[in-house]
Structure formats: C-alpha cells, structure tokens
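I'd like to ask you about the structure that follows.
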Amino acid sequence: MTGSGPASPVHVTGEVLASKRIGAFWHLTLVAPGVGERFRPGTFLAVSVGSPDEGRTRLGRRALWIHQVRPLGGYAATVQVVVEPVGPGTRWLAGLERGDRLEVTGPLGRPFALPKEPVSTVLVGEGYAAAPLFSLAERLRERDCPVTLVLGAPDEARLLNALEARRTARAVTVVTRDGSVGARGEIADVLDEVLRRAGADVVYAAGPTPVLHAVALAAEAHGAWSQTALEQPLTCATGLCHGCPVPVVGEDGVARTARACADGPVLRGDRVRWDDLAGARS
Amino acid sequence: MTGSGPASPVHVTGEVLASKRIGAFWHLTLVAPGVGERFRPGTFLAVSVGSPDEGRTRLGRRALWIHQVRPLGGYAATVQVVVEPVGPGTRWLAGLERGDRLEVTGPLGRPFALPKEPVSTVLVGEGYAAAPLFSLAERLRERDCPVTLVLGAPDEARLLNALEARRTARAVTVVTRDGSVGARGEIADVLDEVLRRAGADVVYAAGPTPVLHAVALAAEAHGAWSQTALEQPLTCATGLCHGCPVPVVGEDGVARTARACADGPVLRGDRVRWDDLAGARS
Amino acid sequence: MTVLAGLRLASPVVVAAGCGGTGRELAAYGALEALGAFTTRTITLDSRRGGPVPRLLETPSGLLHATGLPNPGVDGFLATELPWLLQQRARVVVSVAARSLGELAELARRLGTAPGVTAVEVNLSPPDTGPEPELMMAREPFQVGAAVAAVERELPRGVPVLAKLRPDAVRVAEAARAAVESGAQGLVVGQALPAAMPDGRAAGLSGPAVGPLALRCLTEVLGAVDVPVVAGGGVATVADVRTRLALGAVAVQVGAALLHDPTTAARLVAALDPDATSEETPS
Amino acid sequence: MTVLAGLRLASPVVVAAGCGGTGRELAAYGALEALGAFTTRTITLDSRRGGPVPRLLETPSGLLHATGLPNPGVDGFLATELPWLLQQRARVVVSVAARSLGELAELARRLGTAPGVTAVEVNLSPPDTGPEPELMMAREPFQVGAAVAAVERELPRGVPVLAKLRPDAVRVAEAARAAVESGAQGLVVGQALPAAMPDGRAAGLSGPAVGPLALRCLTEVLGAVDVPVVAGGGVATVADVRTRLALGAVAVQVGAALLHDPTTAARLVAALDPDATSEETPS
C-alpha cells in the first residue's frame, strides 16, 4: 500500500460556487485555491463558522470530507463537500449561498492507502461519510482494482449518490435502517456476506465509529486489510491542539495515542484500539 | 412644550423589507412590530450586530435615528433608518438584504418636545443625523409652526434628502464642507443669519456634538429655546448600563449627570454642560 | 420555588448589580415582580458621579466596564429609587460598597431600617471604582470576613446579607468560608473579573466570555460551603441557567446579557417557569 | 529586533505552549524560522497520555481545554521532536512542568545539556493537568520562587529561564517579583485561566475571550518588575499585538488563535515585519 503520508494543506479564503440540496444533505461546491489540487481520497477540509469579515464567537473548526474535485466554472479544481446540518456550524454552512466566502483549510490528514497490486476492494460508507469513497473508487479502478460498494444510511434522504455509485462499482449493496431503499438493516448485518462474495483483500470504510469497528472486525475475520476513516470531534483539525486522541497500537505492538486529525483520519483498522475509543459502541 | 416623556420601547426580531443605497448612505426599511407605532420624532432604535440565529461576539448595541415611519407592503408602520457605514456594526447593517432578520429595540429615548403654540422653528441637521428632522417637520407643520431647515454635510453624498426637505420646509439652507452642493462651509457659519431671518423661537438640532454646541450657543444668543439630539457612544442604549454620561444642569441649577440614551437623546441645549462633554470640541 | 437565605423568590433569575439601570428602564421589557430579585447598582454612602468615558467597550463576547459606580448615594436611593421599585413589587437586593468598615456599617444601618429591602449584597471587589474615592476591596479572607460582619451586625433579622465574591478560582473557596463564618447567609459568585482596556485602564470584564471562569469559581465555592449560592457571570441562555442549577446553585444573576438584550431576564424567567408549557431558548 | 532575556528574536511573535502541535503541523502554514520562537507543549519528565475526551470545548470567543498535557516525556522530546525543530532553524523554548522541585531540576538538567534549546519556560500553573499525576501548581509567591530557582540553577549561561505566571490580576505582581528574585530572566503573562466545563470538570480558558484579563495582568506585571515580559492571552490580531507592545511587552505569545486559523502566527509575523511594505490586518 502506498501514499499514506500526510497531506500538505493550505489555508485560504474560499468562495461558494454552488449550493444544492439533495435529500437531507447540502452539496456545496467551493472555490478554495490549492485545496483541490492537493487532494487525495480520505483527506478532509476544515472550515470556520462565520464570514471572514466578522468577529467570530466559535473558534473550533468544522471538518468535512472532500467529496469530489472537479474543474468547474473556469476553476481547475473546485471542491465538493456534502453537509448534513446537525448543529450551529453545519446549519451555517447549509445556509451559505453562491458568492459567500468562508475560511477553508485543507486537504487535511492522511488519505486512504492505495494498493500497489490490482486487489479486490470493498468500500463501506454510511450517510454523508460515504463522500470520500467515490473518488477513492475512481483511483482504485485506475489501478484495476475491482470495487464493491456498500452504502448505508438511516433512510433514503441520507443515502449518498446511490446512482453514481453504480457507475463506479462492480457491485453495490444498499442498506437503510428504515428500509426506505435497499435492504432494511445495518451495514454490520451485510458485511460478512459482501466481503465473502467479493473475496475482499482490502476494505475501506468511512462512517460512524460503530460501523468502522464492525468493518475492522469483519476484515480481520476475512484476512483482509482494513482502512478506516475516523470521525472524532475535532477542534483545530490541524494537529495543533492534541484534542482528538485515538488509542492505537504501534507497529511495535506498543499502545500509543494518535491524533485523529493529523495521524488519521484514515488509520489501519487493526491498529485502532476500538474498545478504548470514545463513541466506539453506539 | 409638550411630549418629552420617555418612549415606551419594545424589543423584537425585525426584518429588512428593503435596502437602498443613496449616496454614502444605506436606507433600510424595517418591519419591527410595535416600534413604528410608538415612534415620536427624536427617538431612535438600537440593533444588535449579527443574525438572531447566531452566537454574537459583539454585545454592544448600535443606535440609529428613526427617520420615517410609513405603511408599506401591508405593514402599518414600517421603520426607515439611514445608515452610514463607518465600522463593523454599520457595515454589517449596510450588507443586509431583503428578508434578513435583526434584533431591534425601540423607540428609545426622549423625543423632541413640541411647542404648544404655532411658533417659528429652525431645524438643523448634519449628515445622517438629519434623519429625525423630516418627521419632526411634518409634526410641526401640523401645529402650524413655520419650519426653516438647515442641512449640512461634508459633501453631497452625505447630504440627506435635500429635495424632500424643500417640500416640508418654508426655507432650506444647504451647507457642505467641500461646497459640492449649497454653500461651502460649516453649519455654524450660517446659524446666526438663519435664526435671525426666521425669527426663530425654537431651534431643533441633530448632528455631531460641535454642531449641537454651536446651535445651543446661537439659540441662546437669539433668545430661542434649543432642543439638541445628542449622539454619544452607547453600549446598551436602553438606560441600563450608565455608560453614556452627559453632564447637565438641572432645573434647580445643580450639576448632574444624565444618560444620553435614556434621559436624552434630546436635551435642552441650555441644560447641557457642553464644555464638560466628551467630544464637544472637534 | 427558589429559596435563598430564607427568602422565597418567584424565580431563580436575579438581575445582577449595575445591569438593570434604576429598574424603570428594565420594567419596559417585563414585570420586575416576576423576577427572582432585582439587585440595585452598587450604592455608596455618598453619591458618586462615575468615571470618564469611554466607560464601556466591547470585547470578543464580553463587555469591559469602568463606570466608576455612579449612584445617587444611599439617601437619594432610599428617597427616589427604592419606593418606585417596591411599588412594582420587586424584591430588592441592595448592593453596597464603601471606603471603610464604618461606612459599610452605616450603609447597612440605613438600609436595615428602610422598609422593603429584601437583602443586602456586599460588593467585595468592585473592579472599576474609577477616579473617585477608592472603595474597599477585600483581597484577603480576613477582609472578606470583616466586611461581611460589619454589615451583618447592623441588619435586622429577616434581612440577610449576601457576599459577592471576587471570582478568582484559586482563592475563592477561602473567601467563601470567611464570608460564611462572618454571617453571610448566601453567596454570590461571579463579580466582573479584573481586566484592562486597550489603553491599560483598569476595568471589569463581564458577559458570556467569562462564563467558564465563573463556573469554575462556582464549583469551588459549592465544594467549600453549605449556604445557598447564586451563580453570576456570563449567564445568557436557558442552558447557562440549567448548567448552574444542575451544579448546585440556587439561583443565577444576569448582568451583561441584559445590556445586549433587555428582555433576557424576562425570557429566562418565562422559560424556567415550571408552569410554562413550551420552552423557547433565548439566545 | 526583539531582544528577550538576551536572546535576539526574528520577530516579537512567539507560538504559545501547547498550541503549535509538534511544530511539523504548524510548519505547513509558514516557516518556523521566521517566528520569534516556538514554545513546545509542556514537557514532563515521564511521558503523559493526556486526559479523556472531550478535551476541548468551544465557548463564546474562547476555547476550554483539559488536555492533561500529553507529551512524549523529555527523552522522547529530545530524541524526536527537538532535532526536527532545530533542523527548521526554529528558536525553541521548551515549556516544562513537574510533580516536584526535584523533577523540575532534573528536567532542566537534561534540557540544559541538550544542544539547541533556546530557553526554558516554567509552566507554573497548568490549569488542566487531568487524571494523571498531579503537577505542581505555584499558588504562593514562595512556590513561584522555588520552582524558578530549581530550574535556573541547572541551566547553563545563555539558556535563560522564563516564568509563565498564573494570570490572577490581584496577585500576579507578587508572583512576578518572586520569579525575578529567583532568577527568571523574562516573564510570560497569560497562562490559560482556571475555568470549568459545563459538567464542572476543571479546564483552562483561552482565546480572545480572555484577552482583557491577560492585559490587566500585563499592566500589573509591567508595573512591578523590570525584566522583559512576553504578553500572552487572547492575541489574535495585529491590533492585539500593537496594544501589548505599546504597553511595554517585548513580545507576544499566540495560542488559541492558531487553533482557529493556523496561519495566524505567520500572518502576524509578516504584518509586524518592519521591512514589510503593506500591513494587512489578519482577523
């Protein structure tokens, strides 16, 4: 596996090029010079809540997966993010309109490691967190890795791009908690079956901690590698504050503490001490 | 003179109905239920900087003269204010668009006292501060008081409604510092002449402190009453914080301290101890 | 029902000293009667004009103030402001500060004999006394004790003395103990913090910015003494109130938030009313 | 040219302890070499894992933190982090705290013999030591003196000791005097303030919210001692820096602002560079 070094981020004043509501999510397209150019799947960006011109009462950053990087409107590398409004920061983001400006730092963190050989891969994502999997799938296909996708969500409104998924992946499994689309249930319920059928060598996952934990366990049971993209509450998102500890085991077998933002967000599933991780059991 | 009791204010979430730039000023029309209904000329309103939905870093209020109250768009009493962007708060106000919401408290303070008899009046205003004089002129005309208007400004872009002025007043004198319209000079230069020609019984004034001081002196020299609408830096604007002291002399001749926001903004010119007032000399 | 030092209050929401004007201005935004109590601005024996402008400055999520404690003096207060407040059926807590223990005792004597004073709050650490005569600042615990005792001694039964402590997390527990030993029947935690304006002039800092600092002092004091504690400092939202009551405060004081939104106290009272059906969160 | 305790610094802008990561993360946003200095997170004799989550919380214009001072211990720091920082030609101020005076002396000994340490900053009041072994907190002036002396004694000439004082306006002048008498060659004013999270857990408060409080401590310290003073606490804008330099500080520390905008230090350095032609104001 290659390419898991940290991203080299920039901090810029970005601008909203487009905002579109799809289901429960807002899809924002941002002009953020330098961010898209440096992007690798699994990296994220961080935004400040509030206009760059105003004094800000909220000092913590808000992390968002980089969904897609595309040339658009004369810009070489616009950045797409998917926002689910759940609190003041994400609601502020959802309220932005074309032309509004915001402070953006990115790409941040270590991306998904890509296999050197054309191995069989399974990509697992729940809700908006499936965002980084689509560009990952493209890169994997460029390397002739067969891609199987598992997409989960509470309901159809929170299911990301199932249609687009069918274009990039060999097989797609959809699971929703309320059964509004695909099978009714949890991602964890279908993992064994999917991994077995795909003959998975590597499993990539992004989503809430319990999903990642289930993926790590299932991968281990199938003798596959897992690459889990963690979401932990972040404050600086840049590695400066040590506020996002993830208990891990080093290559040397010694228990250590990693920073979710700077040493992650993507970590090998077998390296995370899931039982010691806050929020690991939902 | 009657009607100088304090206004009975309300605190409401208002909405911008219209925003229009005229010269250096933004004219905002606000829906702020209860504020317009209670308005009397010389009262003002206070706004919070920042959307009602967001945490606010700026806790001080921003005071604005109530310019006009008009039925508009199905609302019985919309409120017009004139904003000159000079700092973060007023710039934020100038950036508001139709439909944006803001916290409004008003009407605040004691209004201009109106004469019981049809006496001759001179109204003096500089820049945006001339805003309350137009509705005052209407009320005076209703009482058969002849109205003479003196409008001053640094330049034409900061001269308020000179055209509208000609409709409400018997005579209008315009003075600009750069001579771009009307006479070149300061309001103070023309006061004596205007007061003499109008045979002024009462002089009403709104503007920077040096203008008010000049008005108070000129009125006294002509044996006229003066009513000066003071602008002092306010924090709460509601009389709660005692942050806006104005040195005055009481009816009993004793030196006291009044609050610009709650005991003013309109004070009798002969009661203000101008030499002890901060900003009295420019 | 909130009970503070034997007093039954209609609500746990109390207006903080110096942030409710004379009461008249605040009454425009909600009945004073519905409040837990109205704390007056600090009253001194002689009247004070207050300090020079600027008296207040905005800071990030806070307000700096150096008002110099302007007030009409105790006689002026008793003659003009108190009767009006009582007419509104407000519960009136009178905040006091003085240049000496003797003055403090004299103030307590006059307030204690005035009908209608609900309680006396001793302002032990005015952060902004301005250019006029220096007021006592209780730096050490023994000074806290002496000031509280001087007031307590002069007050009739039924008019409790509350001690408003300097919010220094590391020392406040000692100060709290000293106040209680000297007769304070309740404590107020959350005086403005000693701060400076950009030009270096001394001032107090208040508002949401200081909330977490006041909260720490609250936990220290609650761990140190058993009398009822009123939590001030940075209270603006229903969540702020609930946090403080959950930690063990019997009531809260609302100060700077009123300067930003004069309806804050009335809205908190309504939101916390156990009979209220809906609970809107004032921002 | 900024001169601090005999050290010539390229800029008056210094990164505050615990807010610059290991340095590597910050270097992405501007050369460390251009900074006045890079202060490490507090290093202890033994490594520390740090406290439980949530370690940080947003407050109005501030950040609450209870990280528990995670760090690799002095040996880990000297082996892995310091060499990289020196390679970047950063001026490295190492922040230290300990469980005892003996440990503090031991830390100083190891740092003093390591080549490349620019200065040692004694963290006299960690507000957030978390569940791991308690670290010393210098409450009284004599404790400040003892801690500073323990470090000073072990450091070679040319490696000055800086004392980072607890920002309590009423006591900080005494602490400053004690530190200077014990050999502190410079003082840092503006440690995080003791605060609490909504659940009552102890934490430190930092960021623009506390700026006016740190400023008051600065004026108290400048009035009390003659050594160079570094002003921390709430620095985010060029105006903040200028205010502090105008009052007499020789340099400023930037902490929480970096967590909100990692380019803050680099932008302040650029804006304050006397050779810069234009002066943009970072927000």
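Going in written order, the chains are labelled A, B, C and D, and every chain counts its residues from 1.
The criterion applied here is as follows: contacts are C-beta pairs under 8 Å (C-beta built on N, C-alpha and C of every residue); 3 or more make two chains touch, one makes a residue touch a chain.
Molecules present, by chain and UniProt name: A, B = Dihydroorotate dehydrogenase electron transfer subunit; C, D = Dihydroorotate dehydrogenase (NAD+) catalytic subunit.
All values derive from a computational prediction rather than experimental measurement.
Participant: For chain A and chain D, what is the smallest step count along a path of chains that touch one another?
Facilitator: Contact-graph shortest path, chain A to chain D, evaluates to 1.
Participant: With contacts defined as at the top, give the pair, B-C or B-D, that has more of them.
Facilitator: It is B-C, judged by the count of C-beta pairs in contact.
Participant: Select the chain at the greatest separation from chain D, using centres from the mean of Cα atoms.
Facilitator: B
Participant: At what distance in angstrom does the C-alpha mean of chain C lie from that of chain B?
Facilitator: One centre to the other, that is 35 Å.
Participant: Once you find the CA centre of chain A and the CA centre of chain C, what distance in Å lies between them?
Facilitator: 50
Participant: Can you check how far apart chain A and chain B are, centre to centre, with Cα atoms defining each centre and the answer in Å?
Facilitator: So the centroids are 55 Å from each other.
Participant: Multi-chain contacts in chain B: which residues touch at least two other chains?
Facilitator: Residues 53, 55-58 of chain B each touch two or more of the other chains.
Participant: Pull out every residue in chain C that's touching 2 or more other chains.
Facilitator: Residue numbers touching two or more other chains: 60-62, 207-208.
Participant: Going by the contact rule set out above, which residues of chain B touch chain C in the complex?
Facilitator: Residues 8-9, 11, 48, 52-53, 55-61, 103, 105, 232-233, 235-236, 238-245, 257, 262, 278 of chain B touch chain C in their complex.
Participant: Would you mind writing out the residues of chain D in touch with chain C in their complex?
Facilitator: So the residues of chain D in touch with chain C come to 59-62, 64, 139, 166, 168-171, 193-198, 200, 202-203, 205, 207-213, 215-216, 218-219, 234, 239, 243, 247.
Participant: With touch defined as at the start, can you tell me which chain C residues reach chain B in the complex?
Facilitator: By the definition above, chain C touches chain B via 18-22, 24-26, 28-29, 41, 49-50, 52-56, 58, 60-63, 65, 67, 70, 207-208, 256, 258-263, 283.
Participant: Give the list of chain B residues in touch with chain D in this complex.
Facilitator: Listed in rising order, the residues of chain B that touch chain D are 55, 57.
Participant: For chain C, which residues count as touching chain A in their complex?
Facilitator: Residues in contact with chain A: 60-61.
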